[in-house]
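Here the chain labels run A, B, C and D in written order, and each chain numbers its own residues starting at 1.
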Amino acid sequence: MAIVLGPHQYGKAEVRVVAVDRSSARHTLVDLNVSSSLRGDFTAAHTVGDNSHVLTTDSQKNTVFAFARDGVGTPEEFGLRLARHFAGSYAWITGARVAVESYGWERIPVGGRPHDHAFRQHGGEVRTAVVTVDGNDAYVLAGLTDLVVLKTTGSEFWGFPRDRYTTLAETHDRILATAVTARWRYDTGAEPDWDATFAGVRAALLETFATTHSRALQQSLYAMGEAVLERFPDIAEIRMSMPNRHHFLQDLSAFGLDNPDVVYHADDRPYGLIEGTVMRDDVASAELAWQGTPGFC
Amino acid sequence: MAIVLGPHQYGKAEVRVVAVDRSSARHTLVDLNVSSSLRGDFTAAHTVGDNSHVLTTDSQKNTVFAFARDGVGTPEEFGLRLARHFAGSYAWITGARVAVESYGWERIPVGGRPHDHAFRQHGGEVRTAVVTVDGNDAYVLAGLTDLVVLKTTGSEFWGFPRDRYTTLAETHDRILATAVTARWRYDTGAEPDWDATFAGVRAALLETFATTHSRALQQSLYAMGEAVLERFPDIAEIRMSMPNRHHFLQDLSAFGLDNPDVVYHADDRPYGLIEGTVMRDDVASAELAWQGTPGFC
Amino acid sequence: MAIVLGPHQYGKAEVRVVAVDRSSARHTLVDLNVSSSLRGDFTAAHTVGDNSHVLTTDSQKNTVFAFARDGVGTPEEFGLRLARHFAGSYAWITGARVAVESYGWERIPVGGRPHDHAFRQHGGEVRTAVVTVDGNDAYVLAGLTDLVVLKTTGSEFWGFPRDRYTTLAETHDRILATAVTARWRYDTGAEPDWDATFAGVRAALLETFATTHSRALQQSLYAMGEAVLERFPDIAEIRMSMPNRHHFLQDLSAFGLDNPDVVYHADDRPYGLIEGTVMRDDVASAELAWQGTPGFC
Amino acid sequence: MAIVLGPHQYGKAEVRVVAVDRSSARHTLVDLNVSSSLRGDFTAAHTVGDNSHVLTTDSQKNTVFAFARDGVGTPEEFGLRLARHFAGSYAWITGARVAVESYGWERIPVGGRPHDHAFRQHGGEVRTAVVTVDGNDAYVLAGLTDLVVLKTTGSEFWGFPRDRYTTLAETHDRILATAVTARWRYDTGAEPDWDATFAGVRAALLETFATTHSRALQQSLYAMGEAVLERFPDIAEIRMSMPNRHHFLQDLSAFGLDNPDVVYHADDRPYGLIEGTVMRDDVASAELAWQGTPGFC
């Protein structure tokens, strides 16, 4: 028996690059958080501190900034460009993963018209892209995090098994709230209109959450994923993580008050956590695409 | 010389109450985080553990939920109602402070129309209200936090003194970005349309940030405060805290690239922090209104 | 009526300076987060964007690093040195506030002996100092935050008034837990052994929390402050903020189980918040020392 | 082609259970954050909202509290007990994952002696355990997060390839700092002294970090993992994630000062991120043990 180095990777995390396009008076802005990881043969660095194979994380950072000089484009495109560059830079580097968070900005309205160079940042929700290049293969996961949604009705929860540890009452009308994290994988080689598809997926998630009469958060999750796959044939699978942000009806009877579904307490912890994949049954799995991406898989 | 109890207060922090109005099919929603503090004579609890004067923090929480049963209204109104109740509840309670954070939700669009009972939460920016009641006096601070704004041009910084520790270059065109926290105090007794005034102040802050050609973040701050006071005669003073979210032009010359104001690095720390008050010169100060509210004052 | 600039200040926040003393093989380390604010006449920067009075926040940062070259000493000393420098740097600067957070490190034990140059960081608890210089006057607040403590017994809560909104049961034995933030003000001109006094105050807070049989968190707070003032004559007052980290006994009866003070649920929100001052009755107040320091006062 | 449900799981996250042992006057305390996930056939809940297979997340929470009534023991034991219970509770449930965070408390010293029932919480560092049960198989990952360590010398970084995007200077003496997250997998069926092994692994990590003369953070990581496997034959593999907390020497030359490795700036972002596995070469992989645990693999 010997002790050996197993799977490993390294890179530069959270490069905060902002790029401005001033080619017209109507400026545009991209605001990204870029993390890169390299895969390949870096054994000597681990076992004897020999760095001759180590493309430094500082150089990875420099590359992110240098590549932004010529325009960034969509998060997916920027990720592809960087991951292909890193994976092809040295013989011993076999692959790269580039994860991008994109923060949204909208123009400040002045006198009813969007301003040319002044912006307000959207808070909360973040657009994401994770690109993995392995040799000649490239995988693209698009996604979003922290899309917080709530329905004040149209949600039930009943029919579950009852045993010694079950105290929950059944309900036929409750608040349903969650913070959606979704990541969807495009077919290998697909080159869709990344921005339009992102917007379309986001709309499908929102609309389906709103219009699905839900008997379980699982049902909402599945319906949302199914709507995405139905609308976008380029998407092979979608994975979602949806914490159940519990809103408990507050008992006011001690104060001589009823509470006809009016007053709720929003709880922090614990929370239900529903995680699932919706996929096409004819699509090969691609675990490499998901490696290193936090999630249930 | 003796050791004595000095200023003190206590209360329940962060009661997360959500109230739904289902009086029509088009539901509405308020989502609040309420913190209360009581002031008065609570000496015996401190010195001998005698709780006969202690309106418990648990009861304060119960009161928040009970009061929400009859409708919440605006954050300012809910704060006034609660603070007056607490301040008047026992002879030894002389005052109360109620702080409210309000989280915004918008209707999810479905088929181009806002849905009746499905919502998406705004992230980031939060509306605030702080109400202080002292005997018969009531003070109202409205406000907002984390309004993140950025200009890609129209910002300069030069003409500052240079000494041994000065290395900063002058600039005639830079990115200016900040996360605005603002709190404004209404005249005592004012009962404006709270929602309309909030919206108007927010618009004034945004528009003035956008349109002010800025030679210092201090200048933007003052112009923003001045615009608010000019538009809203009910407002006596406004205090703002504006961290300077530095965006540094990245030097790409080592890679043989120029950088004509295209690629920036967004830095976390350290950051400039600009804090200031804009006020009417004929208005009496009201330090009690600000007591316990984080800020520079 | 005119609109005017009211109180204002500005500075550089969160300069993360680490200084190493290598004068012997046994290295030592200070790890600080320094924030400075300047006060004085900066009106022209606000009203017309004239920066001729603005000692830039970038220069403030540079000064922090430059001053660390000659040794940092205690947080209180470093704050005094910086604040006096800033307050005396230009005629129009009348005062400065320097706030320091100090992160603790301990030597890693190797073979039972503390290592010369390898360290482990204490998490959580942070030592603080806030120095305010105003003309020739200097004020020093020492302190700590996030000192989390808990007693499994020796805590009661009963004898409080009961009214319509009271549902809380009385208890003669509960868990008491809190995260102490304390700041104490030294007498003007005092130059104690800053490190020894800090350690002594911290010990007094811990021991008194442990040994006080508590009928209210207020009683614990007061006893802790009193113990500090009794032991350290140089300290004029101490202010404490102590959130009540509720641990609720979990009802297990639905599962056929008793719960004789064994199983608790630790709740996040809401929480009680107890804030108070313990002071000497012959000491003049010094509100300037506290200006800009988050707290209840 | 059809759209189908892929891998999925659900459970209750972040149950904050605190258990006190009062069987002697010298109380003890365990303070846990428990998250459970169930795996099996929950298709109907997703596709048609039929909850007849859904052991509710509320019941999972209840089970955690009920099981704590009889004593919690180590995080690994509590996780095994819960995961085996959940996996065996219904025919359609094939597996369970239970993740535990354990927060450390130490006795407050009073008069030089540890107090019987008053405690101070360690901050920062957290002990973790992840137990996965799949049918009759059980996997145990022990671990820790946020173990923050730093060396003021004994760290070099040179010999890396230089290309167009390389600007980093070589160094033969730098500060090396990281926040260790480590998870180690025990051999299937191993039942070591969980507490003693945890303490031993932690000591091995700390000592090896301290005593390894490091030419790359990768080298430190590998040496740390190797030391753990050498000392503990029950451990099959260890995975570590180590962000490089950069401390950059500050250039003081503009102020006429040298900086002989004295003054550093601690940077937040970006940061290097080194991730790797150290394993025995004769051990079968066990990817199921790692499923759902954030990490690089």
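By our rule, a residue touches a chain if its C-beta (ideal position, glycine included) is under 8 Å from a C-beta of that chain, and two chains touch if they have at least 3 such contacts.
Here the structure is a predicted model, which means the values were calculated and not measured.
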Contact-richer chain pair [A-B vs A-D]: A-D
Chain at maximum distance from chain C, centres defined as averaged CA atoms: A
Interchain centroid distance [CA atoms averaged], chain A/chain D, Å: 23
Mean-CA-position distance for chain D and chain B (Å): 38
Gap in Å, rounded to a whole number, between the CA centres of chain B and chain A: 30
Interface hub residues of chain A, defined as touching at least two other chains: 16, 62, 66, 165, 167, 254-255, 268-269
Of chain B, residues touching chain C in the complex: 1-16, 35, 37, 42, 45-59, 61-63, 66, 89-90, 156-161, 163, 165-168, 214-216, 218-219, 221-222, 225-226, 229-230, 237, 239, 243-244, 269-282, 291-292, 294-297
In the complex, chain B residues that touch chain A: 16-22, 27, 29, 31, 62, 65-66, 68-69, 105, 108-111, 115, 117-125, 146-154, 175, 206-207, 209-211, 247, 250, 252, 254-255, 257-259, 261-268
Footprint of chain A on chain C - complex, ascending: 164-165, 167, 254-256, 268-269
